[in-house]
Amino acid sequence: MEFSAQQIADFLQGKVEGNPNITVNNVSKIEEGAPSTLSFLANPKYTHYIYTTKSSIVLVNDDFIAERPINATLIKVKDAYKSIAMLLNLVAQATPKRSGTEQNVYIDNSVEVPAEHYIGAFAYISKGVKLGNNVSIYPQVYIGDNVKIGNNVTLYPGVKIYHNCVIGNNCTIHAGCVIGGDGFGFAPTETGYQKIAQIGNVVLEDNVEIGSNTTIDRATMGSTIIRQGVKLDNLIQIAHNVEIGKDTVIAAQTGIAGSSKVGERCMFGGQVGIAGHINIGSHVNIGAQSGIPNSVGDNHSLMGYPAVNGKDFARQVVYLKQLPDLNKEVKELKKQIELLKNNITK
Amino acid sequence: MEFSAQQIADFLQGKVEGNPNITVNNVSKIEEGAPSTLSFLANPKYTHYIYTTKSSIVLVNDDFIAERPINATLIKVKDAYKSIAMLLNLVAQATPKRSGTEQNVYIDNSVEVPAEHYIGAFAYISKGVKLGNNVSIYPQVYIGDNVKIGNNVTLYPGVKIYHNCVIGNNCTIHAGCVIGGDGFGFAPTETGYQKIAQIGNVVLEDNVEIGSNTTIDRATMGSTIIRQGVKLDNLIQIAHNVEIGKDTVIAAQTGIAGSSKVGERCMFGGQVGIAGHINIGSHVNIGAQSGIPNSVGDNHSLMGYPAVNGKDFARQVVYLKQLPDLNKEVKELKKQIELLKNNITK
Amino acid sequence: MEFSAQQIADFLQGKVEGNPNITVNNVSKIEEGAPSTLSFLANPKYTHYIYTTKSSIVLVNDDFIAERPINATLIKVKDAYKSIAMLLNLVAQATPKRSGTEQNVYIDNSVEVPAEHYIGAFAYISKGVKLGNNVSIYPQVYIGDNVKIGNNVTLYPGVKIYHNCVIGNNCTIHAGCVIGGDGFGFAPTETGYQKIAQIGNVVLEDNVEIGSNTTIDRATMGSTIIRQGVKLDNLIQIAHNVEIGKDTVIAAQTGIAGSSKVGERCMFGGQVGIAGHINIGSHVNIGAQSGIPNSVGDNHSLMGYPAVNGKDFARQVVYLKQLPDLNKEVKELKKQIELLKNNITK
């Protein structure tokens, strides 16, 4: 598909500066721009690329003022970042959607397949499963007994959902995720560890998205709960009985230990570790690789191992680097004090 | 199913305080208690919930003394934690077990299917595989050539076991685990890295449980060995030629590099890193996110990056926080010494 | 198969010391040596084992001089490590290779199956996929629309490759990997996070090997690129729009955040974290568990959180341990200064 600068500007309610008839058939990053593609400029760090990019069209914020001539045609919009997101979604939606049931699927007789759906080959849907409308179940997905899946849910290839779990509406779960595996519960005995049965489940509320190969364990009793709008990246570990509040986003390889609660609208970086049985408030930001051993109130911004507030972490880092100098200084002071003592006693 | 307080007390060899005829049909956490459910109180931190819980029955230790009236019927037992574990296992065992071979499986002609078994659709069992009795192989499992599986083993959906690996009796492997992938072995050459073939295997002894999406690499030669009773959580990495001693438990996202040996009855927190080619003794506890660069003897309790003993870590953390103050103090001393010098020389 | 010491020496262009007719049928580690096996000695730490090993043959470097009598027959070669690697590859190649298309596969009509190939049961190959010659696609693999796979590629069981990704020649991808899942891109809005469509892809160049359950996200636009010869271990996270340079090797559980670029011939330890939008030069070594928040030039060797150069890290660790003593010393100096002051004013 090809679109002209004018067509795109009309769609985005923007204004063309340059050739309104120039056309593009793809998008590209401004630093890798190519003819017949559209780029965008939102981050000021990238501004210098606009003067050399080979992209045919660049989306810019409407307060952008060029300091030198620009080859590309500009489209000025209120928010270049939001506009490019709109265009990307448009491109993504243009991809034809899979539909229907392929051969070689296992669907228990008790399962009612909704009118709109895609069920790929080698998918397995167990007894008592409820499927919402417009569900996309990719190949090699496993859905255990009595799982409930909401409307407009996409389960990418190889997702595994254990029995009794609940997936809300508009959820997207990427390939290789495991939802509802047993929580890590063992009681020590004299002859080794005794397994504690994990009879709870996992509940994902609406609009949750989960990245590839992430694991969310079922509760011992009750539910491990992921509230609406939560976004989890890849390879994250959510232990049994954890609860994650609305609209919290968590980057890859973070782990949250058993029974901890996380508030709303938090942002965690990658490889963060949250101890078990603690509470993290709402609007808490945690820097990458930080370790959180204790509960934290609302509105904190933390960093480090163990984590302190962001400013204190920055100071710790500086002083840590200066430790060798500090040691030298203290040795020097010691010497001087000895000299002074000798002077006085003389 | 419904059970009365008296029936449960009889099963647990406990004593009813309250209504022996009240019935429950589910379990719940004491802080989320609901009518017709049974809760337990083992952790003193949760004691206050017993006065407000809506659970119909609460299991308590027999030395529990109420300070105020309690609505729930109590069952006093010797060990409330062990008793709830027994009840949870009872509930779990009540779930009907899958059995038989479903359609659409791949089983090589050379494989003998045991009398008691479950083999789910889209499972793949290669040439020369030996299956123990009462094996449960969920859908989409892959078992490579000549793998040996013991009795009473459960392989959850999507588990992948490479050729020649050995799985002991009573092992449970959760969804998405990869057992026996190639160890990470490459020799540097002038034109890039040359792969070193990994011709060993992985051996799991009896009573091992492994969490979702954990990976255990095959040995270069010989075996990567997980001794009996070991419990591994989710997303753990065990490299080639590692050996983990009896009854050691390891929390999620921990990684153990190549050829390291871990002793018996160790406990590692989440996201711990163990360097390659080192030895960790028995009864070693390692705190979450710690890094262990060198060998460690028996009975240590370690924390930090690089790890030190737990007490030293706690002190380091305190002193680290006070570093800015220490710097100020040293500056102040310097000033005072200068003053003293001037005083003396005057 | 059995080989004599003389046959092996001839193959490796080495020299026999001992019985040239003694035969072996397997390899073993020198510390676990058994009769009829061959071991090697390359690391001097293991030299003492050569006097007690039960291996029938030991490969040694040609400058090895025995200090005591040795039972085993020796084969002296120029480089014992390279020689054992050659033998291991020989053993690995002796395993018969799978070939042909098994029953119960899904192959879209548009896909041309190459002459030499293995396609295992329950594999799924979507519309528009191009397969190179001598491709091995193990059971339960998923290949999305329009994916291109080069020659001599092996995809182990359960690998998932999303649409439009490109896999170069001679690549090996281990079980459970997810290539081309959506990048973690969401724009904050007042009513929650808005997904940003990820319309780019992942490109693996030639000779790339990727460990089990590793995830590589597709680019938002353009490509996430893994250059030729890169080796990634297990459970690694590569975010959208990352680029990893030629012949870089990365150990398990490391994570690289969005849009960062890594140079050539780098070596990263396990559990390393690389922040987003930064550049790492070529020939950079990063120690296990380190955190890299900022860009780094060529030829650095880094360690720590946040990382500093290796020597500085070692000094920091020493001084960190001495912090309690330093505090004591400063207190003592303070006291002495007070005494001096009193002395002077008297």
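Labels A, B and C are assigned to the chains in the order they are written; within every chain, residues are numbered from 1.
What we mean here is this: contacts are C-beta pairs under 8 Å (C-beta built on N, C-alpha and C of every residue); 3 or more make two chains touch, one makes a residue touch a chain.
The model shown is predicted, which means the values in this text are computed figures rather than measured ones.
> By how many degrees does chain A turn when fitted onto chain B using C-alpha atoms, rounded in steps of 5?
About 120 degrees, rounded to the nearest 5.
> Indicate whether more than half of the residue numbers at the chain B-chain C interface occur in both copies; give same if so and different if not.
Answer different: the two copies use largely distinct residue numbers here.
> So, what's the distance in Å between the C-alpha centres of chain C and chain B?
The mean C-alpha positions of chain B and chain C differ by 25 Å.
> Spell out, as numbers or ranges, the residues of chain B touching 2 or more other chains.
Within chain B, residues 104, 122, 140, 158, 176, 213, 235, 253, 271, 305, 320, 323, 326, 330, 333, 337, 340, 344 contact more than one other chain.
> Going by the contact rule set out above, which residues of chain A touch chain B in the complex?
104, 106, 122, 124, 140, 142, 144, 158, 160, 162-163, 176, 178, 181-182, 184, 186-187, 192-199, 213, 215, 217, 220-222, 235, 237, 239, 241, 253, 255, 257, 271, 273, 275, 291, 293, 305-306, 308, 312, 315-316, 319-320, 322-323, 326, 329-330, 333, 336-337, 340, 343-344
> What residues of chain A sit close enough to touch chain C in their complex?
For this pair, the touching residues of chain A are 27-29, 32, 81-82, 85, 88-89, 91-93, 95, 102-104, 120-122, 138-140, 156-158, 172, 174-176, 207, 209, 211-213, 228-229, 231, 233-235, 246-247, 249, 251-253, 270-271, 288-289, 305, 317, 320-321, 323-324, 326-327, 330, 333-334, 337, 340-341, 344.
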